[in-house]
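In what comes next, chain A is part of two complexes: it sits with chain B in the first one and with chain C in the second one.
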Partner chain A sequence: MVKMLKFFLLVFTSFAATIFLSSAPLYAASKKITITGSTTVLPIAQRAAEVYMDIHEDVNVSIRGGGSGVGIAALIDGRADIADASRPIKTKELKTARERGIDPFANVVAKDGIAVVVHSDNPGNALSLETLKRIYTGEINNWKEVGGPSKPIVVISRDFASGTFEVFKKLVLGGAKVKDGALMLASNKAVATTVTTTPDAIGYIGLGYLSDDVKALEMDGVIPTNETVKDGSYKLARPLYMYTNGKPKGLLKSFIDFVLSKEGQRIVKEVGYVPVR
Partner chain B sequence: MNLKSLLVVFTLSLLLLTPMVTKCGETKISMTLWNRATVERESGEFTERYFSLGRGYLRIEPKFTDRIKGRFNVDFFSDDDALDGAGLKLKYAYLDFKELIPIPESKVTAGLIKSYFGTIYDWNYITIQKALEDKEKVTSSTDYGMALYGYLPEGYGEYAISVLNGEGYKKTGSDVNLNPAYQANVRLIPIPGVTIGGSVRYEDVSFDPDTSISNLVYAGVGHLAFGPFEVWGEYLVKDLEETKSQGFMVMPIVKLGKLSGVDVDLVGRYDNWDANADVDNDGHSRIIAGFNWNILRDAKGKPQVLLQVNGERTTYEDASKDPVDKLMMQLRWAFSTKIK
Partner chain C sequence: MKEKLFKYTTMFAAFCSIIFLFGITLTIFKDGYPIFREVGLFKFLLGKSWHPTHYPPDFGILPLLAGSIVVTIGALIVSIPLGVGSAVYVAELAKPRTREILKPLIELLAGVPSVIYGLFGMAFLSPFIRELFDIPTGLNALTASIILGIMVVPIISSISEDAITSVSKDIREASYALGANKWETIISVVLPAAKSGVIASIVLGFGRAIGETMVVLMVAGGAAIIPKSILGPVRPMTSAIAAEMGETIMGSSHFHALFGISIVLFIITFILNIFTEWVMKGRRSK
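Showing the complex of A and B:
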């Protein structure tokens, strides 16, 4: 029996030694930043990384999407240095992170406004947040109830997996459920396209997806623009995050500082979001 | 009507009413299978050598709304005593009601629920062996009842209070005493990487309504995590009237994946259990060493295909009993899908 245990220990030790030795070359090429997470933040991360790597040729920035939840899970597991997120970290995620010795730090790199859009032929120009909630929860079903023609409202929403949906649900619905029969679409682009081709539709999209094909409504008297999002007067807005483990240091600080620099914030604006500086 | 009948009526009512008030938003279906090879040796002789399905489970999790979701879990496993060699057990059947009570980040869970005690409720089998309280049959991993579970603000920990049958998931009607078990659990994370906590459970286990037999169980739990290094610790005591059982577990883990390109965790564990503190030669200890090779992970980093290899030696306080050695190799694989 002792022989069997000795054999097992020998195998175990050899295995451990092999792993440690095989890890050595990885330390040599450690100037690498791994970013994972929100597809909303992805265009900022991608463009910023391209420009950053042009300036710092010895640094490799690798980027993946997957969604905010995937990014935060990767930060917690140590598989990512930066988690992109279009929503704040949840308490459950924060608890898991702290348990595993990770201290998520929120770096706000941009803001995004959620524009409520209708077909360009729709005579309406404005809604209140309260009325919008009543439309999305099914309390108001016809445009005539909000001063429009007698036509049923076609409600279009993002699907459950979307960070935009989570923010809309929190800011507009107050946690209430979207009405049964609402069209749940997988992307901003799909919502914009459907509203463009459906005269009685209402939907919501990120500011970056606004075009002349749809009409953006005033919400509580404020029109969604970069300026109204930035000054806080437009309420349907959210910060976009790059989470790091603790306050960023070293290489990560250099990258986050770049995203928050004049050049980085120009990129934020270029890809359709609102700079924070 | 006793408490158990009330719980059954309450749970069934919720299950029947929920689909009437709301349509199901999405349903997650998942399966996990543990294909295991075991070799056991005692007194220099091989006593067991076999392949088996150590465990398999089918889990269905309907999400009715953001605030109401359920979990149904049936376990199946190789079992020589069962018809056609496969056993079956019901493991979870509960509904979660988020913020039913106006406490932020809380939920009420009812049905066949997790037993929020010690390390058992979030035990994810880092070693193939069960959690200490499960292995020594101090508490069951699931039980019928209700719990209020919640997170402390800013990720500082979690808490749970439960009222349970106290008989585990295998019994509901027969050989069950009438008294409920009361359980409380708290985990605090004062600084990232340091978790401390404790659980307490009390039940009058007498079958005779005129007498009382108290069963008090409590546990202290600690967890440290710094970079690739983690260690779990648990101290467990069971006070059943005059009999005191006690023991502890220490489980270090090295996550080599954080140091190298190979996603392997090295694991060790030491258990010590004394069935009766007043009796000599009834204790035993268990030492486990092994590794977990995460061959494939899903998008959120959860292992999808995992190879676990554990060597385990159980030694007995009673010098006349020979140690028992066990070598287990397990291929654990999981998959899931969401239906909207």
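Showing the complex of A and C:
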């Protein structure tokens, strides 16, 4: 019995000690930034926050994912200082924000190019945006119709709600519906893996997910690279945002400025996106 | 004094679960109800087109419902023979030593995180299925069914095994006394006696399979169509909720529609649980 009590006491004190020790740095940081939102922007925010906190030891930046919708809702509710978003804010969200006295301000921190990819054994190298649209709406169903072998095209798309899909819908589909039989996958990684293992597949992924396992197609004669996205000649690209309440001031300005600085933009490139500066 | 403290602490824990349950129920009904008012219950349940972000949007969940049911039934077709078979072997036929090794190993299957099952399905099983059937893609209802089936095996196996083990010795011995051999005894005496437990295990397995999210999100293909064959891609309800909730606009019709799907899912699992409870009760009172 005494032995057991001693044991519990030991466990208890070690717990208490851990909690005390681990909370110590938290108290040291007096200033706090909360970032929530898009999983696409998450790697930028995460890496930038790590480096930022190394320079400014008195600031604690806490980061959560959840998605663009979750982030913007958190900004509107005042639960986040910065909302990461991979799409511009919607009219409905803007209206709710105004009603609550929040004025969302878009800070474009990076660009993301969307590469159209096929299996590395696919003989094709280029498509036009028009043909791409006809493939995704189901007008063209066989590689034969675009000069390939007679094989059904496996059309792979991102999920209905993802920011990548939204951009693709706007820039490629032009308001048309994606065909019903298209595979709707949950992440860039899933699309890349599936295209790698499916010879007849076509899909689209963020530039950062390109690898030698898949082949990126020329769109209207332009190859997707950091340079062509940055100068705007490659059309399938979107801005990535960090929304703040009003123009960033004080601590938030210091953080956003850091993301837009040379160091911050190097991080953007490092995690696979296209710098804006 | 000590006893009282203990009693109230445990009581608090018990009531907490009830509060959580009510909270969850209340939330999903509150946020899901508007979609029924907007598109109508029948159009929501029986609509054949799911294009939630198109303008104007289509909120028909029949393809999602069909997807869930197809992969769940597929999973049961895989897991019932494997689960009940392994339960019979472990409970009746295996030597004590084999049993000691086999039982925890089967139960270990239940402890593998579902994302690992998903990775296995995505990287290994789906290319294999694609080549085997010479079809354009291996991300389909069949692949999802097989993986879900493997996940459900430990549930069916361990509950069935309990039921088989608890069949009393007298019945078996009576069967042997009548001249039945081991095989005949298992098939026509032990299994019928353990029937309610086996059925309960299958219903629980059904609930597990229809609620599984990660695996179907990764390997079912995600196409919102009513599948024409088991080799076609599907988009089960759980994967639609998981994939679309994060990016949607809070308070939009799409948001409410996703909660509407969760109401449907909730009602299905609720009915299943009541059914299991009812079957198990029948067994206990016997």
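Before moving on, here are some points about what is shown:
By our rule, the second predicted complex is superposed on the first by the 247 of 277 C-alpha atoms of A that agree within 3 Å, B and C clash if a C-alpha of one lies under 4 Å from a C-alpha of the other, contacts with A are read in each partner's own complex, and residues count from 1 in each chain.
Heads up, the rule we're going with is that a residue touches a chain if its C-beta (ideal position, glycine included) is under 8 Å from a C-beta of that chain, and two chains touch if they have at least 3 such contacts.
These numbers come from a predicted model, not from an experiment.
By the touch criterion stated above, A:180 is placed in contact with chain B and with chain C alike.
Of the two partner chains placed by superposition, chain B and chain C are both touched by A:159. Looking at the shared chain after the overlay, A:100 reaches chain B, while chain C stays out of its contact range. Of the two partner chains placed by the overlay, neither chain B nor chain C lies in contact with A:221. Of the two partner chains placed by superposition, A:250 touches none, neither chain B nor chain C. Using the contact criterion defined above for the overlaid structures, shared-chain residue A:73 touches chain B and also reaches chain C. In the superposition on chain A, chain A positions 66, 69-70, 73, 92-93, 96, 159-160, 169, 175, 177, 180, 184 are in contact with chain B in one complex as well as with chain C in the other.
On the chain C side of its complex with chain A, the touching residues are 49-55, 122-123, 126-127, 130, 136-139, 217-218, 221-225, 232-233, 235, 239, 242-252, 254-255.
On the side of chain A, the complex with chain C involves touching residues 38-39, 65-70, 72-73, 87, 90, 92-93, 96, 151-152, 154, 159-163, 165-166, 169, 175, 177, 180-186, 190, 193-194, 197-198, 200-201. Residue ranges on chain A touching chain B, taken from their complex, read 1, 4-5, 8-9, 12, 15-16, 19-20, 22-23, 26, 66, 69-70, 73-74, 76-79, 91-103, 159-160, 169, 175, 177, 180, 184. Per the touch definition, chain B reaches chain A in the complex via residues 22-23, 25-26, 41, 44, 65-67, 105, 151-158, 189, 191-193, 195, 223, 225-227, 230, 255-262, 264, 266, 289-291, 299-301, 311, 313, 323, 325, 327, 340.
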